[in-house]
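Presented below are the structures under discussion, each in the form of structure tokens.
Two complexes come next, and they have one chain in common, chain A, joined by chain B in the first and chain C in the second.
What follows is the complex of A and B.
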């Protein structure tokens, strides 16, 4: 794949607009929507890290529990061991990566649907341990009064992260850096190896790629970033409990990812943003709270029937059409020159 | 102590029975269509609500309500096949998402039609068998009997009838079956009817015992997935064996410790089986 490293003027313009929108958006929405925005940004990191895991061809149902490991880890490090919150967050994420590494040994003996359900079982065991053991996990009620992100005092400016709008900027910064790292990983030799394992695992093995170690690596990296998302979540909500990380939440991650599409890095982002806006803004505005799941279900079915390759296929098609028109324009110029 | 053990065996047999009905249906659907039906728990729920409507509501005889439940849920299954799984035949993940969409719709319809609260279904019979200190109510006994009868009938049907052969051929190799002149659409439609109908019967038969609610399918689907994985995804016999194994382990651990520990033990058991046999107890290795 030839890599394009330069950004054209149009691309630069697009990035500037995107940056302006991302910076301005908390000032354009209501307070409750600001909170939603924080969760949406965290969820973007969750689905993009999930996509990295699916690059190797395995679909896990443990991803939300890995996020929970980050939440619980970070909360406990900050509350019981007195770690400073930023360090606790990183330690929580690292714990999620470590747990993923341990789980790789039983889980990557399985493939396909067996892996899907096997990972669900492993995740569920972890979740039930949180639920069953009150010390130190707090049982069904979970952990409360988790310390928040410390106030930043630069003398001339004080930033209080209890404000959703300020926390949004913090989350945005962390998520953007993480997305960049994940993007670079996919474009690196490592990422190409993940793709190779997905499409030709026997062939990859025959040219000397250790497929187990690469699957494990993808799982660990994805879980680290899921854990980071979980840590951001825990210190914002200041409470975590086992039900936040149950299979329902996981099903939503799966829906967002598949409805968005997984062949491009932006697919899951489109999925999570589009479906969150449809569910939380449009359907909420209609007001019929009782039939919301019905409409949501119908939208899911319609999306999968009419866009089987995800929302990203729309973008890909639009890009192709644009390129073709440009191509036609160039050809026409050439023809005219030839004629003249 | 022996009474206590016998009682636990009774409880486990009952749990194994209705779980086997659900799991076998799920396996049948997966086998023929290659799709993971996430809405299977909601088909079970629909069966229970059929009894709420026909038996508790309209006062029809219980058996008639169960039969209507079977047909109703079977037709729901055929509808799913026609609208969702047929267009998505080459897209198993798409089928999964579509079935999630369908389950959300079924749940909402149940909430709209009957409300959020648990339904009260009058008991079918107050009788019970007593052996020593242990007892088995007739209601639970009916579930066990119905399971044995239905699964035996299904087994004979799949082994002996021409259509059963066609169905198994489709499960083994769809293209080869089509080459022999077997209609895949028709086979898939009937498989979906049978698979969904079995879940419907399970829901209908257990309705008087569980107080149906719109979200009752949730715990059931999770257990059903565990069972079909332990048994090996394509295997009907495996599903039955795994249902019995899981129900006994789960019931005994629940009785002697508590429910959460039982869930943990059940999941660890499943992981252990998969570590030793990555394709389940009766599963075959997928072709590369």
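What follows is the complex of A and C.
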């Protein structure tokens, strides 16, 4: 059965509630949690863009490095070439897309496990280039003192984007627009083609679909948005270094995506939000700083054992239960009317 | 009527009670408020988990002992009043983003007056906060210092400059050693340290048998690294400032590949484990820079660290003998310096304490009187530098061989150090 494309009254109400929560949340949390909120929102874009690539059936280990390409690119455009920061951010994201396009030629000669390993190797090559070439990449220390997003002075109000609550709203706007674009891509003919390539690549080729070009396109789009996430990150933190984009960080992206689930667009978002709250808020709040990796690991194992289809399966089950209840209610009304 | 009167009285009592409760914060809590004023919170922002935890967690453990002792003695007397010390810690995982969130929490939520950091990867995330808030920070890595980091001090460990004392001592005591090789992880900690060792070797007339070998921090197999290092049969094997996770396998590989020469390293964390995995004979004479604090040489009157032997005994009692590391005492010694400055300033406010610390250009470093220095190398004099111990493994135990002066070496060889720092892009103006 095709999914509905229209939003009902309940859906609209849900969206309004969500919008109110997203707008209010910086004022409901502590100062340090506002900082975490900025990083969490950036990570939402990172995992959702990663999911777009997985639609074609390929799992990359270079996605965080693509985020890094966006970070480094944006930082260099702004710091060395004097680009205005918003332009530098877009240019950094475009650079990530361009690098992805170039990498596609060797990488998409491989599939499955070989693509995974190939993408890891490609990512490491890029990371080592950042380390090796102190000029312009800063070597192991990376680039520091990256210009921040410029202050906005409207006369009656000044917005300093170094403040986390202000930057959160900027990031939120960028991420929401990006998510909408990614959502539309998935629901378009192009997205359906990505799905088709995932499940039946030979059949897709037999009906004239160019699987290479579509895989490449998914990789480029995913990398562009990962690069945008990286640019948002770099101009907030004022620093980037190669270690921030290493395989450990990539493992976190994989964990967020897997624990959240990948069959629905919101799956990875659930994963990154739930695990970040557990790791950064709850475990720190109970004073378990030093045993966080241990507890985090235990939670992961439990999630994989008891929720093999990810956190999104809970939402699907809840929706199904709601529909069944609505169905039963409709049936009861019909029976009453019939009896009447 | 009687009952109405009762109700009226009750209502009055209720109102009076409510009013009293409302006024409690204003008039009824002077003692609580007084007690709160007498607590000083100190922040600890360093890696407590992850690969660099060995340079964070043991330091926090040491600080807990320091704080317990200070509080048992009645607290720190500031402006005539005793102040209890409370530690507030945050695990920054050696990550700039986590450090930014941690600094925000410590400053704006925990209201700390001073923050101790390991520094390095995490510092750039905090730099702007430090400048905006005027918060006093300390780092163990003076390579974080630039002319703009006015509220950042390196009051204990002037890494990696003190490494010159080990090479200087080696050259004086074993002049027959003429060639050396060096390896380090390719990161912000390894490179300035390599530059320092290269300068120290050159000053001592020791030639490099091969160029420095930088390995990736993700390296897990150190056999090929060691094979490459030993290929030129060097007299001295220098392990630079490798992380504890690298020093141990490197030493094991050197042992397994039959190396018989001299080993020198900046740190040798958890060295007992290395002795167990190699042999006492193999480790005999290994030079590094971080003493065990049960060393009797630390009872010398010039040492400013309070009760070093008792501190070590307490540390071992609480956490175990194998948990002692290079940083176990360092953050505690920074707290000594901070407490001394706060007492002299009569204030715990960051700018007052910093001014008192730097008053007269000299300070009480853990290993004796020292001077605030660093303009030529870091762009400002915010590093406290003086004598530093040369530690040698003797019969499986770390022993202080001698204290050597870093400023004396610098006065003679500053050009060499600047040259090598420049070549590896480690001068402050090359790092920003």
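In the analysis below, the second predicted complex is superposed on the first by the 336 of 340 C-alpha atoms of A that agree within 3 Å, B and C clash if a C-alpha of one lies under 4 Å from a C-alpha of the other, contacts with A are read in each partner's own complex, and residues count from 1 in each chain.
Here is the rule we go by: a contact is a pair of C-beta atoms (placed from the backbone, for glycine too) under 8 Å apart; a residue touches a chain by one contact, two chains touch by 3 or more.
Note that the structure is a prediction, hence the values are computed from the model and not measured.
Annotation for the three-chain superposition on chain A: chain B and chain C clash.
In the superposed model, A:289 makes contact with chain C only, not with chain B. In the superposed model, A:297 lies in contact with chain B only, and not with chain C.
Using the contact criterion defined above for the overlaid structures, shared-chain residue A:128 touches chain B and also reaches chain C.
After overlaying the two complexes on the shared chain, residue contacts for A:247 are found with chain B and with chain C alike. When the shared chain is aligned, chain C comes close enough to touch A:145, but chain B does not.
Contact with chain C, but none with chain B, is seen for A:35 once the two complexes are overlaid on the shared chain.
Judged by the touch definition given at the top, the superposed model places A:84 against neither chain B nor chain C.
Note on chain A: of its two partners chain C and chain B, the one contacting more of its residues is B. After overlaying the two complexes on the shared chain, residue contacts for A:162 are found with chain C alone; chain B is out of touch.
Common to the chain B-facing and chain C-facing surfaces of chain A are residues 128, 131, 247, 290, 292-293. Those residues of chain A that touch chain C in the shared complex are 30-32, 34-36, 39, 128, 131, 134, 139-141, 144-145, 162, 164, 233, 237-239, 241, 243-244, 246-247, 280, 284, 289-290, 292-293. Residues of chain B that touch chain A in their complex: 36, 38, 83-84, 87-88, 91, 93-94, 96-98, 100-105, 107-109, 111-112, 222, 225-226, 229, 233, 260-261, 263-264, 267-268, 270-271, 274-275, 278-280, 286, 288. Put simply, chain A touches chain B in their complex at residues 59, 106, 109-114, 116-118, 120-122, 124-125, 128-129, 131-132, 202, 247, 251, 254-255, 258-259, 290-294, 296-301, 304-305, 308. Those residues of chain C that touch chain A in the shared complex are 48-50, 57, 89-91, 94-97, 100-102, 104-105, 108-109, 121, 124-125, 127-128, 132, 186-188, 190-191, 216-218, 425, 430-432.
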